[in-house]
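Take a look at the structures listed below.
Consider the two complexes below, in which chain A is the common component and chain B and chain C are the respective partners.
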Partner chain A sequence: MSAFLRTIGVLLTSAVALTACSTTDTPAQNPASACAPSGGGPVTLTFTSWIPGIEEVVQAWNAKNPDIQVKVQTGPNGNGGTYQNFFNQLKAGNAPDLGQIEYDALPGFRVQDGLFDLGACDIVAKAKDQFVPWTWDQVSLGDAGSAYGVPQDTGPMALFYRADLFDKAGIAVPATWQEYAAAAEKVKAAGGYITNFSQSDINQFAGLAWQAGGHWFGNDGQKWTVSLADPGTTKVAQYWQDLIDRKLVSSVPPWTTEWDNAYNTDQAWTWVSAVWGANSIASGAPKTAGKWRVAPMPQWDGAQASAGNWGGSSTAVFKTSKHPYEAAKFALWLNSSDEALTLLNQKANLYPATKAGANLPALADGVAFYGDQKIYEVFAKASTQVPSGFTWGPSMTATYANASDGFKAAVSGKGTLLDALTAAQAYTIQTLKNQAIPVA
Partner chain B sequence: MTTAPTAIVTPAETRPRERGSVLPRSAAMLIMGVCTVYFLLPLWWLLVGATKSREQFTGTDSLWFADFRLLDNLGELMSYRDGLFLRWTLNSLAYTAGAALLGTLLAAMCGYALAKYRFPGRELIFNVVLSGVLVPATALALPLFLIFSQVHATNTFWAVFLPSLVNPFGVYLARVYAAAGVPDGLLEASRIDGAGEVRTFFTISARLMAPALVTIFLFHFVAVWNNFLLPLIMLSDERLFPVTLGLYTWNTQIAQVPELRGMVIVGSLISITPLAVAFLLLQRFWRTGISTGAVK
Partner chain C sequence: MTQLATTTEPLAQDRPPARTPARRGRIRYARAAAVFVGPFAVLFLLFYLVPIVYAVVQSLYTVQRTGTYGPAQEVFGGLTQYRLVFSDGPFWRSVGRMLAFGAIQVPVMLGLALALALLLDSGLVTGRRFFRLAFFVPYAVPGVVAAIMWGFLYSPNLSPLKPITSTFDLLSADTVLWSIANVVTWVYVGYNMLIIYSALMSIPTEMYEAARLDGAGRLRIAWSIKIPMVRPAIVLTAVFSIIGTLQLLSEPQVFRSFSSAVSSTYTPNLTVLSLSSIPNFHLAAAFSVVLALTTFVLSFAFLKTAQRRSNP
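== the complex of A and B ==
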């Protein structure tokens, strides 16, 4: 037995030794905030992204830039493991030069000091005005001179609805949330549900709160503030709680075949979703082709049009990169050139974050599934109506998981959405404190 | 199966006892039946799902066939992105078959040496190996990544292959089997006849240990085939992915590219086939192996 204990001791010490030697040499290859061309011959950059078809987009760049060659690496989506890999690689000193990071994950990398501030690159600073203003908020993280990534795509939200069913039942397409609730009753009477309330897509709920003027996080440079149950969000939570209580919305788990089936068989009539949702309906509910249309999101306040955003990524440069200038150059091309934006839209339905991107020829055509409606015009308008100033927190995975548990309980009748948000608020603050991140 | 004929010649006096055990026996059958259904139902779902077109996948009963389109789906899967899936499957076979064969050999030699040779530090080594059984492979993935980073060997074939060779539980099994199944007398005889230790191992001991080796091989095969976390952490070049990681990657992209759902389903069906084949082919040996261990 003593031999056994001894061996365990040996194992433990060697493990400690290994971790120790691996953490000491995280390199600081470039002096912070220097963003100058590397000079001295061709450069090879690595870029990790999970966008389907990204290889072909990068090929277009490599063909024209023999001096800055980009190698694509891939993996599951961010929360599926790639973010954790980034953190591991930063620790081991072999992170790629560039990585795809969703807006809501960017602050997490920022507080771990893993990102290169592209605000130091004059080419990035100059390009700022090409992007829709609120998308820049998503990467500047509260500091006007900074940019911890280049905005890539966005998910402006609108109302997908079944024009044929609304016509047949004689219900007007709701323009306000009040009308939406009234329509929900009529839809229920006609034997359907106006929509499915998603128990687990907290990002979608965030989009709804964002539209209503909610601000979940703030950072004054010193401390974080967390306000998951601020007045705007409370209004939205109570609104949906009422629809749930009156059983006017269904609550099948999202992204399942059951969920697809509800849309495919006329049980769900609308979906308040992002621009990329157009493709989800088309593939999940093929029987309903030609019957869907897109309208602007219902409004809280008729006077001032506002829209939410659901999803979107940036291309970030990691602090360990030896060639931040070249990386910034590639990131700008990837996210603002017509060529790249068109390819990204074709391959992966990405909706650009630039102002000019809304006018891409690929986004001008009518879409057959939506009765040849030019649906992207609706989203282009929505994109300009997303309120500025919404920031994400540094621990969104934990926040989402906790809120999602609360939402699931609320949907099954235990507690309310607002309870869930209040609990998630407390949990988020605790999580930040545990990570030694200052909270006001 | 072999017990069935003996029931015919069972002496009369034992029959009442058997009749008394009808209830427990049917209860056991019921539990077995429920378990069988429970375990086979997802496989059935997968098989049915793999034969459907995308429209019918959501639109029709998920436990019964619609139009049979398995071959079209397979063709689509194999041609998607220049046969990437085929490459993943071959990668998995390379990682798994290679690691399981070599790993079994290493485990067999190590276990055999620990069982049959007396040398200082023998128990210490065995205890170190045993403590390796206690540490889950998941917990080792990150330290392994940091070590491989030091020698700049992450994102290579070897980053997944080398750690997969190690199988402490196999060493343990091999030692137990070798101690019980390889008589010392036989080894003495072989030495007296002039066979070297290596020849003795391969021509005599390894054959006596064959059922155990099959067990070790199967365990190892399943473990490496299903290994997910290590490749997830180590690899970022999708041309090196094993099929588990590849399918997982596609599965996370379904929201963006909904066509992938069908491919993930068909791909999953294909990815479990080698396991099923390995079990069906080797279960005869395996059963012998388990009973050998049980009797001793």
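== the complex of A and C ==
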């Protein structure tokens, strides 16, 4: 018995010692400024991503770079499990060299001290001007000389709509949000829904708020500010609340079989979505091939055209990587070379974050699913209309989860979207405080 | 034969000299026991005790940082995380929700399991083997798959039972808890039935003969002999079910994509999951410890009351 207790005691003290060690050692291990070639023979990098077809893109690199071989590992999308794995791996000290991280998750990884600042790598600093300015904002996180990832793709938003159904019902394609609401009534009368309200994927709502000039987070270097219910966002929330109240939008949860089914069986007529959404409709609603078209996102006021952004990723290098220079070299090739960007577009409909990417030959082609419309022309224009300066907070997972709980309640008639945003604001502030992250 | 020899030998000798061989034997047994227990003890230590101790240690720490992106410094925080746990409204509401769930679902499920076990044991049904297997099959279906399947059955647009699901919303805030209870019951009834059924099989048939001689009918035998005799099995299944109820995770997690009424803090384990994906490991650890203690207290209280009733 006493031996048993002694074992427990030893375990306890060793566990305490372990945690104590891990806290003091990690920051000292990696001087943030070192980004030099490793030297001493070929290196092998590990890279985790969920982009469809990423293996083939990496193969193209490996064939030409025998000295920097990349081993790719695929997983579920970020919030579907890969981020959780990254956080656990960082805690355990065995994270891959490179990881796929969406813009909204980068601050969270930086707060956990998990990212290597690629601003220290001269090759990355020099490449800055090749990228669309607002995408660079998304990876520099407010520090001009920093880059916590290399921008990969963006998600400029537009309006996907069923041209055949709109024609048949004699409804004009809405160019403003007012027209969109009016069209919603006519679509309802014709027996469908104009779209669903995305109660469980808050990123779409974030894109809508972004278009309307919403700013959810601010960071002055001393403190974070949270403003989930600022005037721009409030306007968007009230607009959709009205559509929900009048039962003009469906409450089918996004990314479910039921949701695919609604698109596949003509029950849902439009989707305000990002460029990569082209792939989602094509795979979710194959019966509707050739009937979809893409138009610019409806506008709040006709005078100044603006577009939202939904999603987009970066390729980040984790702080634990032993070869940050080689990792940066691969990340730059992956996200700025014509070869890689063309492959990424063909495999996964990714839209490049580089300025030159807009002129890729692959993007000039018509897309069969959209009746051979040159849909990327619409997104290229939208990409230039995305307002810059939208900042993500350091714990978006918590914000999304709470806002989604509130949105779901609002859709079922309990409270409003604005109530949900106000509650999510309070919850986010509490979450930051619980992690000792300074917040105003 | 050899067994006889070893047991009689020490008895034949006088007590004081017998000590030494007995002790030697004990040492020999201790070595043998160590060989047999060793693998279990090592695994138990590595995958059970160490994680528990680690979780407790984690829950006692808190972080400090300076600046908006300051790296976290872990410092000993005492019961800071536990204060947050006890002041967390949604968490305790979810515990209450699970208690309500358990108070209804566990008796219904165990009642069904008992009734099915008695029916199989009564000899009234033909094809006993087939039914025994058929009732057990849902347990072999992974919980997530079962939840997805029922989710489709409940869904108003995809269900083959459309006339029902489009009239009664089985996924609304008022009903979804019981829709989940139905899934859990469907999965676990057969498993619990099998435990009770095997207890029924071990009742000596003489007892039934004696009862029949005394003029007891089938119902009387079931009520006065079978049920009291399988009481320990019922208590066991009840304890497992109480533990399972408080740790409900995969079914509500799957139902989040079917129903807008299932929030990210719908069950205690969902709360822990959301916290660890933030990631706020310290707070998640504190929640886990409190949840484990709550489960322990409830199971223990149930066992105590069950024991007290059986020995008045």
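FYI, the second predicted complex is superposed on the first by the 410 of 440 C-alpha atoms of A that agree within 3 Å, B and C clash if a C-alpha of one lies under 4 Å from a C-alpha of the other, contacts with A are read in each partner's own complex, and residues count from 1 in each chain.
Methods note: a contact is a pair of C-beta atoms (placed from the backbone, for glycine too) under 8 Å apart; a residue touches a chain by one contact, two chains touch by 3 or more.
Predicted model, so just to flag it, every value in this text is computed and none were measured.
> So, A:Asn261: does it touch chain B (first), chain C (second), both, or neither?
Both partners.
> Have a look at where A:Ser412 lands relative to chain B and chain C in the superposition and call it first, second, both or neither.
A:Ser412 sits against chain C, while chain B stays out of touch.
> Contacts for A:Asn434 in the overlay, against chain B (first) and chain C (second): which applies, first, second, both or neither?
second
> Once the shared chain is lined up, is A:Ser280 touching chain B (first), chain C (second), both, or neither of them?
Once the two structures are laid over each other on A, A:Ser280 reaches chain B alone.
> Touch check for A:Gly170: first (chain B), second (chain C), both, or neither?
It touches nothing on chain B or chain C.
> For A:Asn85, using the defined touch cut-off, is the partner it touches chain B, chain C, both, or neither? Pick first, second, both or neither.
first
> Give one of first, second, both or neither to describe whether A:Pro96 is in contact with chain B, with chain C, with both, or with none.
Touch partner of A:Pro96: chain B, not chain C.
> So in the superposed three-chain picture, is A:Thr48 touching just chain B, just chain C, both, or none of them (first/second/both/neither)?
After superposition on chain A, A:Thr48 lies in contact with chain B alone.
> Touching chain B and also chain C: which chain A residues?
In chain A, positions 7-8, 11, 15, 19, 22, 84, 88, 91, 255, 257, 261 sit in both the chain B and chain C interfaces.
> What does chain A use to touch chain B in their complex?
3-4, 6-8, 10-11, 15, 18-19, 21-22, 48, 50-52, 73-77, 80-81, 84-85, 88-89, 91-94, 96, 255, 257, 260-261, 264-265, 276, 279-280, 282-287, 348-349
> Mind pulling up the chain A residues that touch chain C in the complex?
Chain A residues touching chain C: 7-8, 11-12, 15-16, 19-20, 22-23, 26-27, 79, 83-84, 87-88, 91, 107-108, 110-113, 141, 199-200, 219-224, 251-253, 255-258, 261-262, 394-395, 397-398, 401-402, 404-405, 408-409, 411-412, 414, 431, 434-438.
> If we count contacts the way the header does, which residues on chain C are in touch with chain A in the complex?
Counting only chain C, the residues touching chain A are 45, 49-50, 53-54, 57-58, 61-69, 71-74, 84, 152, 155, 157-158, 172-173, 256-258, 260-261, 263-265, 274, 276-281, 283.
> Of all residues in chain B, which touch chain A in the complex?
Against chain A, the touching part of chain B is residues 54-55, 57-59, 62, 123-124, 127-128, 130-131, 135, 142-143, 145-147, 149-150, 152, 154-155, 232-233, 235-238, 245, 248-249, 251-260.
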